[in-house]
Each structure stands twice: as structure tokens, then as C-alpha cells.
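Below, subunit A partners subunit B and then partners subunit C, in two separate complexes.
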Partner chain A sequence: MPIRGSREGAYLDEQSLLAAGAPPPGGFAGSGRGSHLLGGQRAAAISTASTVVFIGGVVALFVFAPGAAAVRHTFFNPQQMKQAFLGDPSLGLFSVGKGLILNIEMFLIAEVLILFCALVIAVLRQLRNPVLFPFRMLAVVYTDVFRGVPLIIVIYGIGFGAPALYIRGISTQSDFVYGIAALVLSYSAYVAEVYRAGINSVHQSQVAAARSLGLSQWKSLRFVVLPQAVRTVIPPLLNDFISLQKDTALVSTLGAVIEANRAAQIDSSTLFVYSSYTVAAALFLCLTIPLARFTDRLIARDVGRRLAGGGAIR
Partner chain B sequence: MNETDVGPESAGPGGTLFGSGAGRGEPGFTGAQAVRLEDVHKSFGALEVLRGINLSVAAHEVICLIGASGSGKSTLLRCVNLLEPVNSGRILLWDQDVTASGVDENAVRRHIGIVFQSFNLFPHMTVLRNITLGPTRVLGVPRGEAEDTARALLARFGLSEKQDDYPDRLSGGQQQRVAIIRALAMKPGIMLLDEVTSALDPELVSEVLGVIRELAEAGMTMLIATHEMGFARDIADRVCFLDEGVILEQGPPAQVFTAPVNSRTQLFLRRIVDAGRL
Partner chain C sequence: MRKAIVLVTFAVVGLGVTAVGSAASSAPRTKAPLVAAASTCSYAAVQPDLFKRGVLTVATDSPAYEPWFYNNTPSNGKGYESAVAYAVARQLGFSKAQVKWTVEPFDASFAPGPKRFDFDINEISYTSERASVVSFSVSYYAVQQALVAMKNSPIVKRHTPAELRTYVYGDQIGSTSLAFINTKLRPFHQPSVFNTLNDAKSALQDDRIQALVADTPTAQYISSSEIPKSVLVGQFPSTGEHYGLLFAKDDPLVACVNKALKTLTGDGTLAKLQKEYLGVYTSIPTIKP
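Moving on, here comes the complex of A and B:
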């Protein structure tokens, strides 16, 4: 440490005392979450001004850019947007709104299957029974492969590969089914890893307590470890499902006219106007943003509980 | 005795208990010796924690293990209920070798209650569910019956109003008493207590020690690792001093605490006295 004058030293000591003990002036005063985020009235004023300037800049960019008029015409054409949302059978247009409902159906079915498959994979990786070794290896290889391969390739692989195999019962399914299969294959690998992180976050002493009661390894997992693990990973799971909700749109590349994005493609190919994409994007945001806020709330609740309750999870 | 018996004669192993086909309702604990350790060695990697432990625990006997941290007390207890596999030597429970191959460790553990320093209650379950998990899922006791037993035990140890609370709402002393009840609900033949008061605030220690005293009076066989020397002197039939993985000295508390023979025991006890803990 460099040599300092005594006055300086005293000053520093005072500062460090302040840091260690008393709260800094003005700090820690707010109690709500909002005031923590922004830090008082002055900060609120600054952030408001900053937001106005930023949004104003973005709007100005759209209004005054050389191609602004063309962009407004192609992407924000109210007439086209209305048409895209409702569909127009007389023009051969599909409804983005209806497509979205199919999208949601697909998402919900895939989500349930993913939650189940991923849990099985995560548990397989966890069990130490030597009899299960091949399954454990399979689970490792599976997660490695499907986390590494882009979803679009899995969708192509199944959507075009499965029909080409001419297997009864498999090769004659609809694109709806192939799409769900691809989503489940790809996402189960990610979600299994999320589960696994959750399982590993449960302290070994919990396992010791369960095993010492005479519970088998499986029962310890089932009654003690998994319930705690799942509670821990709900926020990251929701995050993956926001992502899944969007990625469902990729299934449209199979050529099926089944959801929002595809509907948008048809619109644009016939009319050469992209407003239908804007409608699709807006509809997706209507779904994903509430999910994102819900995730935030869960995380905040979790953090609050951890601060208050010494890490207990319920 | 009433239905909340904690005495060892209420149930227990007999015959082929730890092998396959073990069942409940067999004759009471047979054999005068509840536990016998024969030359038990245990290593974690290159570190040898237990270096030849020989110890016999008679039925209804209360043994306190004392010694510095790291002397092997906890490891010894964890070896007895097979949470840690031993490297060599034998462990016998009611004259049956539980370290032999082919022993069903889950069957062994359901006759041994262990209580940990850090309570290890299940945070996602209510107090009542913590206590009934073992009986319902391991012993196959019907839920209602298990809950009746749990309530009776909670009442006996003054925790009735806590039955629907989650563990994080309880004080450390209450949590540890629940942990003891959770172990008792399995009607074990022996209780292993691993420094059960070490994580407690000083004012909460006595409520837990009181419970253990009650168990001792009821005739429970217990193997207790502890730093509470005054308590060990009061409750123990025999005190064992562990040092670097071996039992250096053992005997009645009056002898070990007042006239220790081994110089290391003398040193250990002098430090305890100097610290004002005895």
C-alpha cells in the first residue's frame, strides 16, 4: 500500500467505517422494488428523460430515414395488417390469427411432452445403478447431439426424412406431428440439462437424510430431490418455453400451412407486402412478453425468499 | 408403555432381517450387543479417517464419542448406518454382519435412526410430512396411522402446534427436535446422534438435550458424537475418546473425565476445561 498522509489515512478510515457500518446517505431508503431499480426521485427524472430521448430517436429514424415511406408501406400498412390478421379466402390468404392458434396448440402439446421426456432423461443420467449404464450413456449422447444440432435441421430431418422411410404409422403422419416430434427431440435435450442442474443444486445432506430413513435411491429422488429440484428450475424452464413458443414457427418451413409465420409467407408472396410479418411478430410478443414477466416475478419471489428465509425452498 | 414408545423393544430385527425377505413384526432385537465394530478402517482418498475402530455397544447402552473435530466421530456414525462404505473390518448389528456383500442397505437403515448436525429436514414438506415420509414410503404404514404416530410424538415433545409448518418457520432447536422425531417414527433399534447441538444457538441447546435424555431414560440404545462434555458426563454409560481415527481411551464418564489415563485424553480435556466447557 502506498504511503499516505495522516489526514488522508484518517479520511480513508472514516470511509471504510462508513462502508462497513452505517448505510450511505440516501441509500437503502426506498423499500419498493421500483425505487431500488431507479433510486429516488432525481434518478426517476433522469431515467424518464433518457427514455424519451431514446424512443424519440428511434421514431425519428423511422420517420426521417430515406426509405422510411417504403418501410411504412410494406411493414406497417394498416390495410394489409388487418387483412393478414383476418385472412381473406377470396384472395387465397390465410389468417395469421388462426395460424397462431395452431401454433399455440403445437406449443402446448410439445411442452407437455418435453417436460416429461426431459425429466426421464435427467433422471436416467442421475441413477447410479450399473444395470442402467447403457441408458445413461444413451442419455449423455442424446443430450450432446440434440443440443449441438440446430433445430431447423432436426425439423428438416424429421419432416422430410420420416416420410421418405415409408414406415407404416410413422411415414404417414402430418407435418403437425413431425413438427412436434422435432421440437420435443430438440428441446428435451436442453430441458433435461436444466433439470439436471436443478437436481445437482439439491444438497447432498438431503440425500443422506432420505437414504438414512431407508428410502431407496429412486424413492429419495422421487420424494426428496426432484420436488426441490423442480421448484428451483421453474424460472429457467419458463425461459426455455418462451424460446420454444417462438421456435414453433420454424415448423412452417416444412411447407405446412399451419401457423402464423407460414401465413405471413403466403401473404407476402402474393402481395409483396410484409405487414403480415409485423402482425405475426406482434402476436408472438403478446404471448412471450407475459410469459417473460411471469418468469421475472417468479425469480424475484425466489430471490426474496432466499434473502428472507435462509435458502429454504417450498 | 404407551403408543409413543421410544424404547427399543417396540419393534426390531430378528432372524434374517437385513437379507432379502426381511419383514416387520418379527421378534424383538435379539442379542445383547446392538452394535459391534471390528477393526473398522475408512479412508477418503489418501486420508485415513478411521484407523482400526473396535467398539461394542450393548442394548440400552448410551455411548458418547468425544474428541477433536476431525477425529473421526462423524465418519464412524455414518459408517454404522452404511452412508459411508468401510474399507476393511466388519460392522455387526444385533450379531449380523451388515458390511457383508448382499446386505440390503435400505433394510439395515430402517432400523437405525440418525440425526445430523444440520438437521437436514426436507424443506418442501411440512413437519408432519417430514415425519411420516419414512413410515409411509419405506415401512408401508397407512398414511392415517403414520400421522397418528407422528402427532403423538410431536405432542410428547411439545411440538404439536408446529405440525403443519414448514421447517424454515421453526427455530433451530425445534427443527432438531423434529429431526429426532423423524428418526424415532421409524421405530429404530438404535439412534446415532451426530453433534446434534453443534449448529444451535446456546439457548436452544437444552431443549434438544432434554429430548435425548428422555430417550436414554426410555432405554434407547444410542451412539452420540458430541462436544457437550457436561451432557456426556451426565448421560453416557460409557465415554469413548477418539483421536486420529482410533479410540484411545474409553470407560465410565466418571473415570474418563476425572482420571483420564492417556496423555492425549488429558490434554484434550484440559483444553475443554480451559475453554470453560466442562
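Moving on, here comes the complex of A and C:
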């Protein structure tokens, strides 16, 4: 049992486990993924049987429940789903598919702004210069407030509050702009905290080493701390962005942004069916699942990197 | 350990299937359509059809808008829909104290599954698509759509069918007024769609939209009492639209409520309540979509 630094010790443990044929932690890396997961023929048979029974049970719930027909008619009506996806102007219905493009636009614009704003806030909070105390205070208050207030209230506050002020330039923006502003305000507070956790995870000795090489405080932050911090927090950042993708739907409360969820709501309340929501949910999954898989791959790659001896940059 | 997990999985799924089986066998709990019920609509005869025996459970959304309700308090008997609900209850033999109000959001009112009310009264328009999911009573109000704008808006003077297409509209989600905008006015600019009518009113006041469409009583109330400097531009010709009480699909109670509504129409009660709460609208100009 290695007794050196705990981190390194953990790595050695992992390596010895690998040698013993056990799956590495944090993922089933390598070619034997399937066999590791199932572990032998008998186990494979059992897992197949249990999967069949489980899925069969769930399907039975949907087929034999007393209200199954009504649920299918309301939630999974193929004709209604097609109508919802394409929209139908003659009935005043909007296309859920077209609405999703707005979600994607809002998400992409907001994401870039959030990454930038949050980093500024996180760095502000880290600065130890006494002159900058008010900014530090401001950063703390900002994250406390906007993490604490529900996003939908922020959206309402900006979208209905700003136009009521009648200020030239601010009060005449579109709901699209107000919505993105609210998303950026709210999510920057969360993401700033993620960045901060990343910055704190960089060991103090790194800063000491950088300073002893003659780098200024700012330069050691810029060239030594931040690159390591950001790399560490990429998975949680992506997690927040999966959440952001869904929350773009809340912007529709302002009225003028008829994104996928709002188009589905209009459809639903006009025709008294919920199939449009099923379409919207499926479309959102098409957005979020690829990002989730991408996050998994990044994590796996990071684990692989560390197992390969740490620090190797590919 | 693995064996235990497998066993637990089987047990859980087994329980699930059993639960489905027993749920299916207790299916008669759902109300079966009874046509014969129409013949006897006495207080005692309607009891088995009620959500809760001895109580008429009536639903509406919150906020409940004037002049359909007053002070967001359906139980005060004031406002057209509140008064209609109590009049129907009296016809069925219920006292005022036996009417219980419950909040049912519009979006939830048409969800599949058992309803938590006997009927919902919430300015819900009958359409054939909707009637395939829920049941409606006969009409308790014939609806016309009307246009509300701020007094200084160009729409007040210029509203030919071609000009009507050039404005920015807004409305509450799910309303037939919104469908009216999209299908009859067909504006070039996509209308704004709000969660509540109050949000739409707020947008009108802040010039985020130029006009909103609502049923005539609501439109008159907004322009006369709610938004200063707003005006009822005019009402559109009738499209045959009407409000109906909303029931669970094939609810046997519909027959008796229809009978009550026909009595109330016949003896002039509904007309009287309309005059009392909704006013008389002969002075409102008609505009063509």
C-alpha cells in the first residue's frame, strides 16, 4: 500500500486494480466494455431476462392501464405530433420545430456571454488587493442574489420591468434580448461559482512556484492557475449548459419569443391535446443528449489522461 | 449480491404488473355515460354523478377575470360566470353553501384522467377539436371578439381588413382570441403570446404590443376600468363561437346541466345576468377582420 501523497496513492491503486483486470473507475475504458458490464454468459442471460421483464412491465403499464387509450390519444397521437412539428397557420398553430431554432440561438448567444461574464466575476472574487474590495463585495452580492432568485422571476423582472421604465435604448429592446439578458444574469452567477471551485482546486504550491519564477500575481493567475482551473471544471460547466438549453424555454413567458415549448403550449391549449409537448420534449432531448455524451467523453478522456501518468497533454 | 438484485428487479416489476391488473379491475370507478339520466335530474338523482356527494364542485382558473368574476373570489356570487354557476346549482337543487369552488388552471382542465371538479366555468369556448377530449354543456354565452388598443394608437382610426394586418398583436395563451388573431386577422408580424391576460394588458400599456383581442365583455372591462387611456376599438362580427361549461368526457352530469341551462335561457335568467354583469353592447361599432 503506497503511503505517499494521497492523490498519487490513488493513482497507484487504480493502476494495480487495472492490472488485476478490474474496470477502471469513472468509466469502462478499453475494448472489453460489454463483457465488463455484463460479466460472463450466465450473467448476460440474467441481465437480458431482467431487461425484458422490466421493459415489458413498463410497456404493460402503458397498454393495460384503465386510461391507457386516453393517454395515448392525448400524448402520443401521431397525426397531432406531425401537426405540432410543422405547425398549421390555418388553425393558428406554430411550428414546434421552427421554435427550436430560437432555443438554439438563445442558448448559443447566452452561452458565450455567460462563459465570459462568469469568468470575470470569479476572478474578481479571487483578487486580494484591498483597493478592489468593493468589487469583491459586489461579486459576492451578485452571486448570492442571482443564484437565489428563481430564473423565471428574473426573466419577468427584466422583460416586463425594462420596457416600463421608458429609457431610450433599454426599454425598446426585443423580448429576445431581454430573455438572453436574464439568462446571462442568472447563469453567470452559477457558472462563476463553478469557475471559483476550479480556481480553488489548483494547489497553492502552483501559485507559489509561479510567483518564485517571477510572474506577477495577475500573470500567474492568467498562465498558471486559470488554464488548470478551467480544464478541471469543463464537465460541470457542460452540465450547466445542458440545463441552460432547457431553460431557454422560460423566455417565452415574455410573449414575443415563440420557441419550441411555447409553440407546443399554443398547440396544446388550442386543440386540448398534449402530443405537442411530446414533440417538444423529443426535440429538446435531441439537443441535450449529444452534449451529455460529449461531457461523458471528456470526463473519460480526463481520467484516461491521469491514468496514463498525469499531465500528458494530447 | 447480483442474484439478490435480479430477484429484487423481478419482484418490483411483478408488483407493478399486479398493480396494473388490479387497477384495471377497479375500472368501473370512472363515470359511465348514462343517457337515461336526463329524464330525472332531481337532487337525489344526480348524486352518483358528482365528484363529491352532496356538493357541487365547480372549477375556474386563478386569477379569475372581471366581469366574469369579481375580486378573484368566485364564491361571492358576483360576476356573470359565478352567478351562472350558482343559478345552475339552484336548478339542480343545491343550496349556495353546497357549491364548492376549486382552482383549475386552464391548461390542466383538459388533461386525461379523472377530473377534480363537476364542471369548469372559465370562459372556455366550444370547438369540435376540444370536444373530442372533453364534453361541453350547451352555450351559456354567445361570444364575439373585440379589439382593445391605446387611444393614441393608429389602429383606433385605421382598421380596414388590410390595415389590420399591419399591427403587432398580443394575447393570452390558449384563448380563442389568439386563434382569431392568427386565423382571421393574419397579421404580418408574429403576435406575442402571454401566460396570462394580465401579462398581455401590461404589454399593451408599455407599447410592447399595439392591440389585443378579447371577448367583448372582457374588452369593455379592460378599456373602461382597467387600463387608463385604452379604448375599445370595435367588435368583430360573430363567428358562432360560444362559451360552454367543461366536463370530463361523456360525464353523465352534462345532460342535467344542459337541462338547467335551457331552463335558465328560457325563463330569461341568463339574459338578466348578462345585462347585470356584462352590460349591453349596442353602441360598440363592428369592424371587419
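Remarks
In this text, the second predicted complex is superposed on the first by the 265 of 314 C-alpha atoms of A that agree within 3 Å, B and C clash if a C-alpha of one lies under 4 Å from a C-alpha of the other, contacts with A are read in each partner's own complex, and residues count from 1 in each chain.
Quick note on the criterion: a contact is a pair of C-beta atoms (placed from the backbone, for glycine too) under 8 Å apart; a residue touches a chain by one contact, two chains touch by 3 or more.
Nothing here was measured: the structure is a model prediction, and the numbers come from that model.
Once chain A of one complex is fitted onto chain A of the other, the partner contacts of A:150 are absent, as it touches neither subunit B nor subunit C. Once chain A of one complex is fitted onto chain A of the other, the partner contacts of A:163 are limited to subunit C, with no touch recorded for subunit B. In the overlay built on the shared chain, the residue A:231 is in contact with subunit B alone; subunit C does not reach it. By the touch criterion defined above, A:205 lies against subunit B but remains apart from subunit C after alignment on the C-alpha atoms of chain A.
In the superposition on chain A, contact is made by A:214 with subunit B only, not with subunit C.
By the touch criterion stated above, A:43 is placed in contact with subunit C alone, subunit B being left untouched. Partner contacting the larger number of subunit A residues, of subunit B and subunit C: C. When the two complexes are overlaid on their common chain A, residue A:57 makes contact with subunit C while staying clear of subunit B.
In the superposed model, A:290 lies in contact with neither subunit B nor subunit C. Of all the residues in subunit B, the ones that touch subunit A in their complex are 78, 81, 83, 106-107, 109-110, 112-114, 116, 118, 120-124, 133-134, 137-139, 166-168, 182-183, 186.
By the touch rule above, subunit C contacts subunit A in their complex via residues 2, 6, 9-10, 13-14, 16-17, 20-21, 23-24, 26-27, 30, 106-107, 110-113, 127, 129-130, 132-134, 170, 173-174, 178-183, 186, 190, 192-195, 199-200, 202-203, 205-209, 249.
Only residues 43, 46, 50, 53-54, 56-58, 60-61, 64-67, 70-71, 73-74, 89-93, 160, 163-164, 171, 175, 252-256, 258, 262, 265-266, 268-274 of subunit A touch subunit C when the two sit together in their complex.
Residue ranges on subunit A touching subunit B, taken from their complex, read 205-206, 208-216, 219, 223-224, 227-228, 231, 309-310, 312-314.
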